[in-house]
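Here is the structure we will look at, set down as structure tokens.
To keep things simple, chains are lettered A, B, C, D, E and F as they appear, and every chain counts its residues starting from 1.
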Amino acid sequence: MILRYDRLGLEIPSGDPDPAGAMAVQELMGGRFGEMSTLMNYTFQSFSFRGRRELRPFYDLIANIAAEEYGHIEAVGATITTMLTGADAREIVTNGNPAHALKAGKGVLPVDSGGAPWTGDYVFSSGDLVENLTHNYFLETGARNGKLKVYETVDHPAARALTGYLIVRGGVHQVAYARALELLTGADLTKAFPMPRIPTEKIPECRPHLERGSHLTLYRFTPDDYQEVVAVFKGTHPETGEDLRVEHPAPEGFPWPEAPAEQDVFAPDYALHEIAEIAQTLRRQAGFAGDAARHAA
Amino acid sequence: MILRYDRLGLEIPSGDPDPAGAMAVQELMGGRFGEMSTLMNYTFQSFSFRGRRELRPFYDLIANIAAEEYGHIEAVGATITTMLTGADAREIVTNGNPAHALKAGKGVLPVDSGGAPWTGDYVFSSGDLVENLTHNYFLETGARNGKLKVYETVDHPAARALTGYLIVRGGVHQVAYARALELLTGADLTKAFPMPRIPTEKIPECRPHLERGSHLTLYRFTPDDYQEVVAVFKGTHPETGEDLRVEHPAPEGFPWPEAPAEQDVFAPDYALHEIAEIAQTLRRQAGFAGDAARHAA
Amino acid sequence: MILRYDRLGLEIPSGDPDPAGAMAVQELMGGRFGEMSTLMNYTFQSFSFRGRRELRPFYDLIANIAAEEYGHIEAVGATITTMLTGADAREIVTNGNPAHALKAGKGVLPVDSGGAPWTGDYVFSSGDLVENLTHNYFLETGARNGKLKVYETVDHPAARALTGYLIVRGGVHQVAYARALELLTGADLTKAFPMPRIPTEKIPECRPHLERGSHLTLYRFTPDDYQEVVAVFKGTHPETGEDLRVEHPAPEGFPWPEAPAEQDVFAPDYALHEIAEIAQTLRRQAGFAGDAARHAA
Amino acid sequence: MILRYDRLGLEIPSGDPDPAGAMAVQELMGGRFGEMSTLMNYTFQSFSFRGRRELRPFYDLIANIAAEEYGHIEAVGATITTMLTGADAREIVTNGNPAHALKAGKGVLPVDSGGAPWTGDYVFSSGDLVENLTHNYFLETGARNGKLKVYETVDHPAARALTGYLIVRGGVHQVAYARALELLTGADLTKAFPMPRIPTEKIPECRPHLERGSHLTLYRFTPDDYQEVVAVFKGTHPETGEDLRVEHPAPEGFPWPEAPAEQDVFAPDYALHEIAEIAQTLRRQAGFAGDAARHAA
Amino acid sequence: MILRYDRLGLEIPSGDPDPAGAMAVQELMGGRFGEMSTLMNYTFQSFSFRGRRELRPFYDLIANIAAEEYGHIEAVGATITTMLTGADAREIVTNGNPAHALKAGKGVLPVDSGGAPWTGDYVFSSGDLVENLTHNYFLETGARNGKLKVYETVDHPAARALTGYLIVRGGVHQVAYARALELLTGADLTKAFPMPRIPTEKIPECRPHLERGSHLTLYRFTPDDYQEVVAVFKGTHPETGEDLRVEHPAPEGFPWPEAPAEQDVFAPDYALHEIAEIAQTLRRQAGFAGDAARHAA
Amino acid sequence: MILRYDRLGLEIPSGDPDPAGAMAVQELMGGRFGEMSTLMNYTFQSFSFRGRRELRPFYDLIANIAAEEYGHIEAVGATITTMLTGADAREIVTNGNPAHALKAGKGVLPVDSGGAPWTGDYVFSSGDLVENLTHNYFLETGARNGKLKVYETVDHPAARALTGYLIVRGGVHQVAYARALELLTGADLTKAFPMPRIPTEKIPECRPHLERGSHLTLYRFTPDDYQEVVAVFKGTHPETGEDLRVEHPAPEGFPWPEAPAEQDVFAPDYALHEIAEIAQTLRRQAGFAGDAARHAA
């Protein structure tokens, strides 16, 4: 079970509408190496984990990284929705993914950059722990490749902030799976870092995260479980030689960006004010004061 | 972002291996109306929600139910893995889903009862709030239908416990979306309850949940967000007339069932003891005492 | 069984070639909420209808609406083919759906706006009548949403005439399923009309149909069957308060628009005149005089 | 547009429940060479037909055969639903297509014998008339192959009656497309008949149709259009040497078989009598006397 | 088993980068009628061929043509990679197939012009020889249609050279299957040539191949097997009346075009020189002198 | 281009018909980790290889292994066709893959064990050499897992012989890609061998191949290209410490097993003798003596 909180792992900057860019960023959501894939691979591996009792540190590692990945699909989702705010529906049809206008109310969908839906076929969960870890390492490597390519082809500040963030966090997971594999078999995949061979520090949008040590840190995204990750996530970082560390709780995060109404696609309604009025009445009846902004803000 | 905790919403009883039943229960995981669909529909609707500020109670409702659904894919996952424990690989091939033996290490996969993978095409997220709520009501209705049909065709105690649990919890979501729609438009779908027209209380495995009032209760699966759900989830239950209520925190849950090694599918290894020994060493190095069972247990 | 007649439900105006628009209108053909879906959902529900004897009015309603939907795929098909007449093949590749040039001879295909083929997976036919009606209501609602979005993004007069027509006729089906559901359960979904909340009368291309009362009328598309639809399709229209009515026979319709040859895609041939000459000879041999235009015209 | 009438092209005999057979017969519905494919190929070719004015006899041929194919999906649909009547839901899961129990209320679905949904990708509509006719000949040939294989593997009397009927009617379409191709190009494909090389008259269930000359006759399924088919469908039958002929109107057909309620899958309801009572009341209010059987019967 | 040699069937000219053209040419790789389909249809038919001993000439024909088709996917692959050399990644996203930039390192993928992956569903292998030959004739006909349409819509010299080559070679296969069918059944499909009705000699890029008689020649792509193809591939060419012939060995071919590094997509690396240096060292250690160009050149 | 020869890499023993086993072995053909995937991944990577001149040893390695994989799809194909010989069509429908009877004439199809077609989506070709090699190592690892699981669940002697052969040959490719990666990056994946952790020598059907040193040998499947593989495939075998070696030419192989006619699925015809007689006449006309068995035998 999970507890969800209404925060994102990074701040999403606004920018000009960018339908083509939004189409490209979808690769990081619904592509074979997108965040839906990392989320669901680790999630299903945790469901099918056999020998949990005997192999607890490895179970904890996979289950905990799965938890972080949910935050990553949120981050990609918020980015794409932001990039579509204010976009012209006709331009979305000709230069972007038509579904963003015709189906999704200028919002994100679980599809890739070509519009193909994410599929459960992308989940690898063989039951064999060493095999799964090898897969996970490869998956994170392919994911890093995808993020770097999106970084190269999309200029929108939200996309850049997103990829900077994901490259650093994905790098931590790449290290985690390589280390787990090394501890079980002796094969040291960290020697192949960085893969692709672009040093993370060359990317300006990665630097704030590097400065706060995010590249060294596995956060436990849990009230108080998955404590045994420390038995695996340890040693030094393959690129910097700094010590790896596990932190709890995870950073607090940032509020979701505003996503204003887009009347030409009836989102959230052809006439927002009518249903907003109902919402205000319901809020008052329930004892909430002020406007309907985030309660705890 | 989420915090995941290592507990399930229900206790999963063990039973005899049941490959055909496990194949059928997959419908509740990866089918069009399975838990992957409820999870991802509400999740993506929360990513694309426009007018969050003005319509906070509805956003909170959808985002919070999304959080509960993650627990439901866990529950289905644990059930299927349990039903496959001890199953003969040959029997899985002839009477069940061959992938359970040949790909998944006798574990769950994100596929339906016919083996077709779940697809992002199952996500409806139009941006139009009233439309989305109508969809969600219909989705929960189709999900209830699916659960009841699985209940009728599978005898394994884990499947029965699972469907009993999910029918009650899904019923709460059905009420929630019907009520939201009613408050926005005046259309009262609760008059069609129960749909399918089988009273929940006739199902023995539902009764324990009814007795503790689970059918009346929306839990907030969050450290402290989504407080405005109370503005929508209110009034009386359409079948019993009892008052609906919102509770926080959600119930603590139950530990995951054991999933022992299955050597003939190399899960978690051809020789568990070899990697288990490595795991024990790592645990000791990290300061964990005793066997590698759940730390907090 | 059916009798097909060589007429369309509306007159399709010509206009400038519009490859991007044609790509968008495909959503109304092969999308999850397109006319292939309405046609095939009701068609298959009629094939699997259990209790036909006892529930004849509901069977008649579903089977008869299925019949009208065949005319709708014709209308969408004629529109798209018209929009592609005269289009430059290179422009189709860069701005539209490449398949319109490379596969389809500048004609319609059973795909959506992203080029994904319609799939039988879009058919919902649970066997449960109340469930199916709920689905059908939701399907018509999603279809109305899709038509309105295409209306907003495509200017071609054929697309505008088409959506004006389909919005009105789909609205009748939306009312029909809502009323059927109301009569069986008491839940009154018509209170949510219009959904999306754009009054039909605001759309200029809808007005001619409204003026002749098409929005109030269920036509029986049958030589003389499905008479019991009157037992369900009755009462008043939720938006206008006018009386609903059933008419037989359906209006006569309009001839198909011309679709001239497009030599660069070899449709109907690289050299039309050669095969046209053969056709003329065959016609004369069979006793048909004049040119090969529609016989009964 | 079409007029649908509530009759089938053949009488569907009842028999013992046969889940495995029903699964196999689905190939004739949703397989690449099933009736959905013949229906939709000719339907879409008629939508995209360029040069209709100059090539009327060929347009009429394709459009008219499309009309008959709708009757064929009805026939397959009624057969499969009949074969599932009385089937045990558990047996459907283990020996048949689980979706028949878990999704379809023991009714037909638009899928093939492996459960894969029919897809618009099966439609070939190139715009090139000679090419389309070549395809259509090949499609009918593949369809005949499929029908014969189902005949060989399924014993249920409904399946046998169905395949006997479809083999004869499909044979007429095979002749029609071969003749059209011969008239346009001189290539005489009828020399390859029968393909597969099993004489139709060897199949007992084909004989009643042969005796009434159905194998020689193209029916015009239209109130009064498609008159120019006679310019193409002419000459002698390649196997018997008898004269081909066009008839209008088509034979009257047979009533649909009963499809009684199946309570364990809630079709049409968990408790039929409750909704049947509502239906009776509605019928009486609308002036229909007697039970809710077919009005015109 | 095969022996592969590092040569192509034609010389691939270079040209300006053409992302939209490369997207279109993908239809000839991964489309239903692309070279993946011809390769895999004949390959699988050879695997499932029953009665090989009795029907050797037909087996040899199919197995040998399969061998040539592998060379055709190479030719399409080299063409697309060439067309993408030097293309701007952003332009690929907006005007071409985004996957060429985001996934494929500016290289070819097994997808069609809409980005949909080639699927095994395109393979027809019924076991019935006459049926398979009919299919193969139709497949080659559809393939010729596709090549001609790509020829019409893409100007890049590599695409023109490719289609000129494939139209001639595919024409030979069209003749081969028509002749095989004629010999088995008497049906003479060559009367329908050319299909589409564009004479091959009108296409400038076909002429060099016609001049060397490639349109008359079936090459045996084998060290010394498939000798009995001569029993079927014989007689005269339907368009020119010249004698058909079988040749062995096949022409020597041409070297692959250069495919220089594309740093912005990390192909073959972010910094080519680093891994190139390793490669040189390895070559020297293995005794290879000079630069790492083709050894036997 | 390739030269194909009519031989298999192993001798396929006959056995009792085994429809369920044949269904399972399809995983090795059309599954994500089947031989279609290994073949097409390496094939497409060779098409898109950038920097071929500078990185020749790595290009040669990938292109040459691609060549061997074609022989592996042949081997799987021959095995499945053999396992279906003599199978009862009804039993295929209930216990196996219905398509084997209804579509494929008791022959192999490009599908997996669940009947899902192989898809181009399984091809990974990023353009980044280190990335591709990482993928290829992982792919071979997953393939080994799949082969071992099929070995465990299928008893048919053809399936056992096949998996014994493929495990050894796939192991060579696993070593080859690990070594290539090690030479480029220093990361030594061979330390993880064997993966899954079942020593190859424990499998009786592997032993004959081990005895002749097949596990140490990369064959060059080419007339005389790909010579630079020796620069990469070198050093010692990670499990045995023996020296790796490259051999040319590859072993001669074995004849294809007989695949007799199966009349109930019309393969190769309803009446073999009729078309066999035509084939004999054609052979005699072409100067071939004796029966139509393999010429060179």
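Quick note on the criterion: contacts are C-beta pairs under 8 Å (C-beta built on N, C-alpha and C of every residue); 3 or more make two chains touch, one makes a residue touch a chain.
Treat the numbers as computed from the prediction; the structure is a model and nothing was measured.
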For subunit E, the least number of touch steps when starting out from subunit B | 2
Going by the stated contact rule, which chains contact subunit B and subunit D alike?
-> C, F
For the sequence-identical pair subunit A and subunit F, determine the rotation angle of the Cα superposition and round it to the nearest 5 degrees.
-> 180
Where are there more C-beta contacts: A-C or C-D?
-> C-D
Taking all residue numbers at the subunit B to subunit C contact, is the shared part over half or under half, that is, same or different?
-> same
Subunit E and subunit F have mean C-alpha positions lying a whole-number Å distance apart equal to 22
Roughly how far is subunit A from subunit D, going centre to centre by Cα mean, in whole Å?
-> 49
Residue ranges of subunit F touching at least 2 other chains are 103, 115-116, 121, 126, 128, 130-131, 145, 196-197, 265-266, 269
Among line, ring, star, complete and other, the chain contact graph is other
Sort out which chains touch which and give me every pair.
-> A-B, A-C, A-E, A-F, B-C, B-D, B-F, C-D, C-E, D-E, D-F, E-F
List of subunit F residues in touch with subunit D within their complex | 89-90, 92-94, 97-99, 101-103, 115-116, 264-266, 269-271, 274
Seen from subunit B, its contact residues with subunit C in the complex are 32, 121, 124, 126, 128, 130-131, 134-135, 138, 141-142, 145, 181, 185-192, 195-197
Subunit F-touching residues of subunit E, taken from the complex the two chains share | 1-9, 30, 36, 40, 43-44, 47-58, 63-64, 66-68, 70-71, 73-74, 77-78, 80-81, 103-111, 117-121, 123, 125-131, 183-184, 221-228, 230-232, 234, 250, 253, 256, 258-262, 265-269, 272, 275-276, 278-280, 282-283, 285-286, 288, 291-296
Residues of subunit B that touch subunit D when the two form their complex | 20, 23-24, 27, 31, 95, 113-116, 145-146, 148-150, 152-153, 196-198
